[in-house]
Each structure stands twice: as structure tokens, then as C-alpha cells.
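Down below is the structure, laid out as C-alpha cells.
Chain nomenclature is as follows: A, B, C and D, assigned in order of appearance, with residue numbering initiated at 1 for each chain independently.
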Amino acid sequence: MDKTVASLQEAVAGIGDGASVMIGGFGGSGAPIELIHALIDAGPKNLTVINNNAGNGHVGLAALIEQGQVAKLICSFPRSADPKVFTDLYLAGKIELELVPQGTLAERIRAGGAGIPAFYTPSSYGTDIAEGKPVAEFDGRPYVQERWLKADFALIKAETGDPMGNLTYRMAARNFNPLMAMAAGTTIAQVSRVVQLGEIDPENVVTPGIFVDRLVTVAEPKQEETLNREGAAYPEVAA
Amino acid sequence: MSTQLDTIKLTNAQIAWRAAQDLEDGAYVNLGIGFPEMIATFQPEGRDVVYHTENGVLGFGEAPAAGEEDWDLINAGKKAITLKPGAAFFHHADSFSMVRGGHLDLAVLGAYQVAENGDLANWSTGKGGVPAVGGAMDLVHGAKRVAVVTDHVTKKGEPKLLKRCTMPLTGVGCVTRVYTSLAVIDIEDGHFVLREKLEALSFDDLQAVTGAELKTKGDVGVLVAKVL
Amino acid sequence: MDKTVASLQEAVAGIGDGASVMIGGFGGSGAPIELIHALIDAGPKNLTVINNNAGNGHVGLAALIEQGQVAKLICSFPRSADPKVFTDLYLAGKIELELVPQGTLAERIRAGGAGIPAFYTPSSYGTDIAEGKPVAEFDGRPYVQERWLKADFALIKAETGDPMGNLTYRMAARNFNPLMAMAAGTTIAQVSRVVQLGEIDPENVVTPGIFVDRLVTVAEPKQEETLNREGAAYPEVAA
Amino acid sequence: MSTQLDTIKLTNAQIAWRAAQDLEDGAYVNLGIGFPEMIATFQPEGRDVVYHTENGVLGFGEAPAAGEEDWDLINAGKKAITLKPGAAFFHHADSFSMVRGGHLDLAVLGAYQVAENGDLANWSTGKGGVPAVGGAMDLVHGAKRVAVVTDHVTKKGEPKLLKRCTMPLTGVGCVTRVYTSLAVIDIEDGHFVLREKLEALSFDDLQAVTGAELKTKGDVGVLVAKVL
């Protein structure tokens, strides 16, 4: 079993117009910048993107939005240090936003991966976010019903992978990545290195390979934060 | 009739062997406790299959030699196992996320009864005693294919493949294929569709020991199994 | 911060009559035999116990049941190699049983720890187990509503712990232990060894210390399987 | 009146200092982005507090020196952090299990408005722009105590402590204590209960800049804060 693919281009192959795509990361940490840029190169339009944020600067998710490839964003916090790209499109009515509390977003994705079609949470009860959602009382407290969230594809960033797709992450870059790996039809991971089968201690596997479909090596992945401090943009001509 | 069947029918090992021929390369598979576990023994050469056990191991291998058991490394049947390279440990909620979330390619279970609508009864005869369900009610949901291995009839010669189950259900409309001692049968659109039968057995004789109509779509293959 | 306690007796202190107690393990693997035996010594009655099984032989959970301390068992599979203790009491109507499918049991405990009061699962739909439970349809498929499960105490078995209560497990002995750690008011862990703070790699912590209240060292924990092969019983006089 | 308040009121740093005095030894604490984060700076000596950040770290410490940042090691405010011994990493669902599941002892947030029934508004002024909620709606549920740090009045001198919030709510009935620039106030049974106030301020003057009745139970303490 060998899930590795040779190029970023091959890794994102098959993501077509109208696809739903989960993209890992919290801010820049754990954001699969190289996979996102490969998706920009591949050029599908009308995507629904699930991410915690709306990108920063002109690289990664922000660049994907800037290229006009995203029709709808499902996220918890679309305001960022340099939110211009998303903000402009949103205020112009050119991109749809589904705002989800962060914990609910994480739980909805986990539910999608775990085969739980709906669950109840105290979060957002009594707020505008809960409008139109079913409410039920358990043990005398009110809760909001939320639905699972799945996607056609997940683009995630991990640290170490093996050919079967077992993954480990690096520090707080873990965040949404293991959850999205569970909730997508096709999960595509970029890893800093691929090691031999058995080199990842079975005790320390964070994402078991059953959740991963393709693996591509990006030996020295870029950090969104660093790129933005350098004033980078993607594609470079847009700078 | 049932005496005659006894002379031609496949043994459990042969049923397991036949089911094993359908294991797909690269598949993630959960084999139920007991009879279904035997399928791994007959995994065809050159096919890479990753076995899942609901107590939190992916990628386990054969039983260790006697005396080499580590009782922290067991399968759902509480038998000692070994690990293959690339294995992973996880807790029970993650394990059943794999099951319920549709991540397994195949689950194979035993059965008391299977109905033509895909209902399965395999956890309780309904006759009292201590009820125990384990992971069966979860395993029948989520896997892309849910297969059953079973004798075609009960020890008394009564059909186990029925129009509707009479014993307490494990799951509703969940079984997709049945490997029996006499035939291979798919469940499609609420009907049994005969795919293979033993050559020595006529269609009518097979129908006679099956509690619901056997449909056919195109040719019916010959059920062959290795002599074991 | 030091959550270690000096003795098993101290570890189980405060578990009184009528308490609900989650006990980790799947069969014998991951079963905190020494903590259970300390609970037998402490002697509380009328307990509600949550475990996957009903114990084997005359040690551990089986012994706790045999001593008449358990009024109700919530589990998925109370039939075992030597089920006599539970079976006799059950058939005599002297112990209550709540039978829960194994995946639902795991998810209910996880929900208890995660603050999710209820969720929907396909498991058990259309079966006797679902009787009396709410059913709802999502995307055209029917699901059963299940409630979270919490307990006053959890007795769990881990491999390595640090003074803050961070834990790792050993192979398939992980099973229900990390989930139960999340779902109890007071979580009590027995570990084979306590290491210095920082010795467990933050990447490899399975149960973060926030879920653990007390930690006791049992350097060479007994395995239920081994004890039963030796014909052991607890308390020893009962042999 | 508001000019007079400006001369006596606590600075944000002093409010954070006062809130920090209530940090309990051994507590697990989440500090909201921005102002509440400052509380960690004033953690009293001898108290061991474990900080949680919702992006998956427990047991983090101060910011690293400039140039030493690792952008995989950040907090919810996307600022670089460091680890203390005994830290742990976990994914977002586990992180919010800690939040929602009642495992945190304390969460401290900022506020636009707090109502005497414990309602909090801190995520949207309701005036358009891009809405963004982040983790606030989860953080207000589950923690054993949910405290707010805030100026007592808006920049225009209007009360932020009200009978009912007029801005979009973050959570219902969730706040248990408010540390303001003028007072420390508990929320009990749907009422503001004054615990401490600045000595220079009369009860009536405080009531005048508070949008709901201030009740008292026993003595009202003197709100003192270190000169910072």
C-alpha cells in the first residue's frame, strides 16, 4: 500500500468546479499553503471552502479567494490581520458566508467523520447564530441542534507520514487537520517527510491511514505568517 | 434433502475461503468475532488488506505463538494478536468513528438470519438469558459493504435466508452480500440475487431451502471452493 | 501541581454508596484491576458501573459484582468466558442491566466528556435496543437519539503519567480509558510509572492532565487474563 | 461625571491585575484574545495555573523573544507562545471538549455589554461589516466560572452593565463575575451583586453609571489595584 503521489499537481487532481473542500489550519499554523497554491494552479471555480478563517494577505486561502475560486466560505472567524480580500468580496455580495462558532465547527466536522448526522450543543443558544435551528431541552437546559459537516475533499498539512497514510502533526499546527481528514471523501495530506512503514510508533499515530487517500511531500513547507511578513503573493505575478 | 445438502455443502473454512477471494487490494476490513475471523487466514497472495478491530487497532496480523501473548494486544474477540508495520492504536470513540463514519470498505459478520430486505439478526435468539450486543449494531452501519458468512440453513435444516427476520434485529437493510455453504447471494433493491451456487445443486433445490425468492440477473456462476 | 497519591486506598477514597463509576478496559486489556480491588476493600454498595463487559472469573469487575457492590451495570457485552457471577445475579433479578451497543457506549461517554447532551446514530435503529428512544430522519435516513453518559468517578488504567496527570496508554489497553477520563467528576488513574513533568512529549500525550484528578503508581499491574488462568480470586479468601 | 470617572478608574492593566488575584492554584484557565490575555502577566506568585488555548494547547507560557517565534506554536490570538513542562497538544474537537465539557475552571472574556441575567454580548456590535464569532460562543459555556473584564462604561460614558443586552448575544445567562474599571460585581440569581468598588466612588455614583440595580449582600469591599 503506497498512498504517496509524486507532485502537488497530482495531489490535487480531480478537485473540480463546485467541489466542497475542507482546508486545515488555524490562521497560518497548519495551513497547507503548497496544496492551496496547487489548487489555485488547477483552477477549479465555485468552491465551497471550510476553514476556521478567511486567509491573510495574498497567499494560501486568501489567494484562493482572491482568484475568485471560492463561492462560499464556512468558517468561524473571517476577520484577520489583513482581511481585505474576503471583506471586499463579502461586502460586495460576491461570496457567501456561513458563520459557525469555532467549537461547533470542530464538532460538526468531527461528527461528519464519525457518522453522527446531528448533535446538540449549548453553544449559540439564544443568539442570532441559532436562528432557524431546532432547539431541545435536556436535563432542564436548552441546546441547539447542529448538523454534521462533510466535504468532497480535505487538504491538510501534517509533519510526518508513512506510505499507508499514518500521520503526525507539529505542535499547534494539528488543530483542524485530523478532524478534516476524517470528514472528506478524499483526504489529501502534505507532509514534511515520508518515513518507512513502522517508523511511526503505533502509539503516536494521530491520524490513522484509513482517513488518508493521498500523501505528497513538501519538505520545507512555507508558513503563511512568514510569507505575509515578506509581502508575498500567489501567483507571484499578482504581487 | 438436508442430509443430501450435508454431503455437498461447504465447510465454514470453505465459506471463509470463498469470502476471502473478494477481499480487495488496499481494503480496510473488519471481521466479526469467530467464524468471520477465519477469512483473514485465506487472504489471497498479493493483496494488501488492513484489518480493523473495534477495540482500537488498525493493521494487526496473526496470532502470536502460544506463550508469546501480550494481553494488552488483543482483538475484539479478546484473542491475542500481533502488529504489522504501519499499525495504529486509538481509543474506542475514534475506532467507532471509523466504523460508523463509512471509512471501512468491508465488514463481515455471522448471522442467525438474513432477510431479503437486508435486515440482519445475529445478536440474540430472543430466548432469554443474558443479552449481549457488543459492536455488531455499529458494524452493520457505515462499512461500504456489509457481508455475512453463514451456513445456508440451521442445524435443523430450516432456512436462515428469509423474507423477514423473526429473531431480534441487529440492523435494518444493512447486508449487501451473503456467502453461504451453498451459494453467494447479493441483496439488491430488497431482493436476494443469486450470483453463484454449488454445481451439484439445482436452482430449485437451492430455492427450496431458501425462505424468500432467489432472483437472477444474467448468469449464475459456479461456487467453487478450495479443498481444505 | 502534583496529582499523585500515595496509595490505592487514597486513590479510591470518597467513592460512596450509590456512586456511578466508569471502569476502563475492554475485557482484561486496560482494566484497572488494582483500583477495582481497592474499591472492593473500600466496600461501597449500590454502585452503578459503566464498563464494556461484566468481568471474567473472580477478579476485577467480576469480583466487584460478586461482592454484591453493583446494583446496575451499563455495558455492551455482559457475556464472557466465565460469566457466571453476572449471569447468576442477572437471572435472579438481583442486578440491573442497561445494554448499549459498543460504539454507542463509546460515543455516549465521549459526549459526556465533550458537553454534548445528545446525538443521533444509525446504530440500533429498528432494533429492540432503540425502543422508546426518539428517532429522527436526516438526509432521508433514520437515526436514533442517544444521551450523553457521565459518572461520578472513573477508574482507569494508563501506562505512563506525569504529576499533572498527562497520560499515555499501552497498545489496545487504551480502549475506553481516555473517554472515561473525560466523562467523570473525579478521574482516578493507575499508571505503571510516573515520570517527571516534561518527560512525556507534548505531541504524544493521549489524555491531557485536565481530565485527570488522581494518579497512583502500580508498577507491575496484573492482567485479568493471567489472573484467571491462574484461577485467582479477590478477596483471596473467596478462592 | 464621566470626566471624574476617568481620573479614578482602573486602567485595563489594573483590571487584569485585579482579576489575576482570583486565579486559583491548580486552575485550568482560558483567557480570551486581547485584554483578558493580560491577566496571565499578573498571575500571583506561588499559584500554579494551566492555560488552555482553544487551538489545541494546554500548558503554554509567555511569548518567545522577538525573532524566536515558531509559527506552529501560537495561541488563539495567533500570537507566538512557548510551552511549559507538562504541556500537551490536541486537535480542535478535543480542545472544545475541554471547553464545552465543563473541564475549565475559569474563562475570562471581554465584553461590549453584560446583563444582570448573565447574558453577554461581545462578538458583534450588530452594525454590519464582516461578522466573526470565533470561539466566544463556546467559551461562555462549560467553564465552571465565566468572568468578564471590561471598562465600566463605553467611551461615550454609557453603561456596559445593563438590565438586558441590546447588542447581539454571545451567550445567555453565562457570566458569573465582572471585573470593571470601577467595581467587582457578581451575577447571582439574575442580579448584579456588588462585591468591591473603588473607595473614591460612592455607591450612588457607581449606580448612576450602571444600567441595572446593584444589589449588595453584606459588606462591599474596597477595590484596590496595584499601581502599574
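As a working rule, a contact is a pair of C-beta atoms (placed from the backbone, for glycine too) under 8 Å apart; a residue touches a chain by one contact, two chains touch by 3 or more.
If you're wondering where the values come from, they're calculated on a predicted model, not measured in any experiment.
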item	value
Where subunit A and subunit B overlap in contact partners, by chain label	C
Subunit A-subunit C separation of Cα centroids, rounded to whole Å	35
Whole-Å separation of chain centres (CA-atom averages), subunit A against subunit D	30
Computed distance of Cα centres, subunit D from subunit B, in Å	57
Contacts with two or more other chains, residues of subunit D listed in rising order	89-90, 93, 96, 99-100, 141-142
Of all residues in subunit C, the ones touching two or more other chains	107, 110, 114-116, 121-122, 169-171, 202-203
Pairwise chain contacts under the document criterion	A-B, A-C, A-D, B-C, C-D
Residues of subunit B that touch subunit C when the two form their complex	53-57, 69-74, 76, 78, 89-93, 95-96, 99-100, 119, 124, 129-138, 141-142, 168-172
Interface residues, subunit D side, partner subunit C - complex	26, 28, 48, 50, 52, 58-59, 83, 85-90, 93-94, 96-104, 141-142
List of subunit A residues in touch with subunit B within their complex	1, 110, 112-116, 162-164, 166, 182-183, 196-198, 202-203, 205, 208-211
Complex contacts: residues of subunit A adjacent to subunit C	107, 111, 114-122, 136, 138-139, 141, 143, 147, 168-171, 202-204
Complex contacts: residues of subunit C adjacent to subunit B	26-30, 52, 54, 76-79, 81, 83, 86-87, 90-91, 97, 99-107, 109-110, 121-129, 169-179, 206, 223-226
